[in-house]
């Protein structure tokens, strides 16, 4: 399927996925498809209690079931704790349980049915503790403390914490209190967004195998073999050299598989039994025990002058952390960083609290807090436009960040395609030509707009490029392709950098033993950060190739160039050239040694300029590289029921450079539909601490009939100067503006401003009827 | 999930109190209650069968009286376990008695119930309806029994 | 836990399976006994569609089909869509059209799409959307899948 | 657990005469519940080989007998259903999604009696009868008497559904099923099954059943009868929706609140009647 010539398969080509053939034939192996000889199957025993002390275990009956090899409880696990920001989470509940569904014991047996049957026979004695089901409960003066040892936990950033508040963050610029006086119009409101399930179609799972020396190999559904390694080793107190992490194909992540799930459990079972152990969660367990998007409550206030100039914003957010910290401090900090939006607002004060509760842990989910705050802030931009009688698009254009403007907090923005995004979305949607086609009978129809930005630069990454004896190439980055297509994109970059067709580049599967460090496939970062390493490592290889050629041709390195098809030649002399085979053979057998290019780096641009901004408790000191976007959504509302449907969308996204336009469109389209689900139908419903809809029957994501077919992806390319071929991230931004754009369309169609997601038929109908009765 | 309700019985408060704190009376009135025994004055054990459409379950339940304020208020907690099926119910119950205008008693109940494990996956909304209808049946049975007693039958 | 010994006809071949319990689903037998792991277990409740196979030519949920009930049927899975080394047109269309991402839903989508294409006439966008509405995809937003299936229907003779 | 595949109705009934025996029809519901460990019958009686349950037949009087094992897809495409009987095919075509419609059967769906399912209101509006067979013989019940409570039917242990019988619908009536759901193929938040006949401006036939708003479909035959012969204007429809509203007993659940269901059901009824009137006037 890979076309033979460089141009058709390199940067800019919509090359089909490298693994497309494997996937369409059903041969691609995911974790649940993997089997090892003599493998045991595991099952968890989950806590029925939300908050309780564990006072005893009785595993006798479970252990006696024929076929059961091992039963482990918290007593059989070391005392280590893991956590991306706050080390607060044991591998399995120890001493107490903090949410319903938390694993309390695990069983390994000859088959899965036996393991599940035995797990149900484990008896655990609990002493119930008072429950804090919501942040309000948990911040009440007499609230039960969920983590008594919070002050003593190790934290990777200067966390401001206490009681049930896991982290408190503030970020401010300007003088907000004084600025309100300058405002002619001020809008204020409270917004609420629910927990959203990632709903990767593949449930999580892991398989661990131990060798004769006690070293463990671990395969799992994951977004970073290195985060898996770090988490498991922290929780189980193992040296990292004793654990090798690998990955099969991953059935999507969206943040769900970035931090640990069941990996520590299978490793401990493998260590105890000496046999390979596999654990695959069923869908209900996956819903209840993995993680989900944080519920947010946001108070937001925005002020502007009569001419539409935005002056000030104040935003405060309360995040339900759930029972463990996971990625949550990062989500809080990042959401505040995004809360000014891509606008010039000189005075901004933002703050947030992340509050432990006795619910399942919440964590990273595509957008990382940005969709929630963008729903609030972009709703208010429309409200201000309404109050001033301005076109919402004009108001955005008037206030948008211009090239050279800095991000909120003072971070540098090297490329900014926002103006083009807004202009192209507007033109394509016909915004200025009457804004919406006529609605069918019984429906109301309107367009809604939202703009946003998202980062793609943070943390560490690397790449190793090796030239094989025959002149073909192996690329090894350690970045897990979770289905979004990074293997293909990185291969295309490597191929273009070395001017070989993509099918001459093999990409190694991530392996903590052999791959360079990669923090993870998350935060829209792989194309930009790992891509930079790929280009740099390939550059080293190119230099080596030229050095060999210079020695052979007895010319200067500067006189040489790489040529399509994998050749190196003297500039201006077409027939003076060598194939990579000739160069690599020389390096392998005669001179210099095999050619390997390697690069590692860590993103080090500060998020905050202390001269401009005040930041407290911010967990990401170094973050940046901004993609921009503008989305316009056409929504139809059924006047009988209030049901809102997004019927068409124009999503213009600045990706710097589209390495693989087909893949970029896939991210834009998939991001929109996931954001549309968040806006319209998806909600994890809780009864106190308990999730009451942990099944696909009761939790509803869009089907092919709910998603609009007319999703128009508009690719804008404002090249990032130091990006690989100019590229920056696209993984998340396509989702971010969707709830706000849809909410603004609903408001335009009904006259009702709804500040709580999802925009269910019930809420929309009530809003529509109220607003009609006011008219 | 919370359920609440109230009903009137013809019997005076004292008599109602005796009935409502007598495990044998309660057991006879509770739909699906297969057996009940008093382990101590504040602890009862019972087997309770529950059926919802095609699903049936039998719980080994324990009722612990947490607070008693005769003859007006009793607070209890019920914990039930479905042996070997990893399914649990738990309910915090408050029962309040007050004299009614007609010389009878007004009985009010409030329960905060949680269901976990396999049964929790089945129709949250309908489960609540079922719990309400069980409570109503219990009230009806108790009412009938007390009214019968009050009328000297 | 003994069970029946049965023979299933899968992708045209008779496949004996020993000790099948009454509650064992076709999905479990395909994946665990016959090594046909193309059909995926996403929900085990018939909602996600990742386990879709055809029984007697019609797409159904293998997670809701009991193996003992399938002994006289023709069962087809994604592995049987085309001979080894080649791709059926619908497979080709999805692969070339960037119409798959993580790939976990892809086998079920292909089975559902293949059944639609049997009608041998060009399909409209809305026909394909309706025909695939029982197969959840969380990555793609469906557009490229629908486009690929429409294209495959148009390319047919 | 035992697995039995009888090939006749008599053999199936005989096999059902055991403690904790269950019929396996299409499996769409029963197997899902078995997988979730919600039910574990000791004996499964598969009806797959009972050919007599798989047919649908139009009788000389215009009634249609639909075998219990007819799949949703077959019922959705059933050409023997005519005029107002189309309410059933319309409902069948809106159940779940194509693969599930290839599996699920009308008998299985009725036996499970999910209060939010699509068949119960359609059967109620079509005045259908459910034919049951057991060791004691055969009986038929009107749909109203068959669906008795949340997930509960009049089926006795040892009985199975043999068929569903739709009486003839008066010529010229229209049947329609209007469903509101969160996403395509979900169970209903609320639904309305309607059979309507108009002679000029006068209503000649009216049957409205509201689904998903109580343990069983809600119909008000008394008000329907009162409205016959008159014009079906706003005030008449209001009388009907007010009466229906009295009979609703909806749940608060993850699909919607009870309040909303009360609010939207009458609106759906109005919409369904308006659309059916328009459709009838277009064909006259």
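When the chains are written out, they are named A, B, C and D in that same order, and each has its own residue count from 1.
Simple rule for what comes next: a residue touches a chain if its C-beta (ideal position, glycine included) is under 8 Å from a C-beta of that chain, and two chains touch if they have at least 3 such contacts.
Since we're looking at a predicted model, the values are computed, not measured.
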Result of counting contacting C-beta pairs for C-D and A-D, higher pair: C-D
Inter-centroid spacing, chain D versus chain A (mean Cα positions, whole Å): 44
Separation of chain C from chain D, taking each centre as the mean of its C-alpha atoms, in whole Å: 29
Computed distance of Cα centres, chain C from chain B, in Å: 50
Gap in Å, rounded to a whole number, between the CA centres of chain D and chain B: 35
Per-residue multi-chain contacts in chain D, two or more chains: 36, 97, 184-185, 254-255
Multi-chain contact residues (two or more partners), chain B: 85, 121, 124
Multi-chain contact residues (two or more partners), chain C: 44-45, 130, 133-135
Chain-to-chain touches, reported pairwise for every pair that qualifies: A-B, A-C, A-D, B-D, C-D
Chain C partner contacts - residues on chain A that touch it in the complex: 1, 14, 16-17, 19-30, 32-33, 198-203, 249-252, 254, 280, 282-283, 482-485, 662-663, 665-666, 669-674, 695-697, 701, 703-705, 707, 709, 711
Chain A-touching residues of chain D, taken from the complex the two chains share: 36, 97, 180, 182-186, 189, 254-257, 259-260, 263-264, 267-268, 270-271
Chain B residues touching chain A - in the complex, by the definition given at the top: 1, 84-86, 88, 90, 114, 116-117, 120-121, 124
Residue numbers on chain A that touch chain D, as the complex places them: 284, 442, 640-643, 681, 683, 685, 692-693, 695, 698-706, 760-762, 765
Chain C residues within the chain D interface of the complex: 4, 21-23, 25, 44-46, 49, 52, 58-61, 63-66, 68-69, 112, 115, 130-131, 133-135
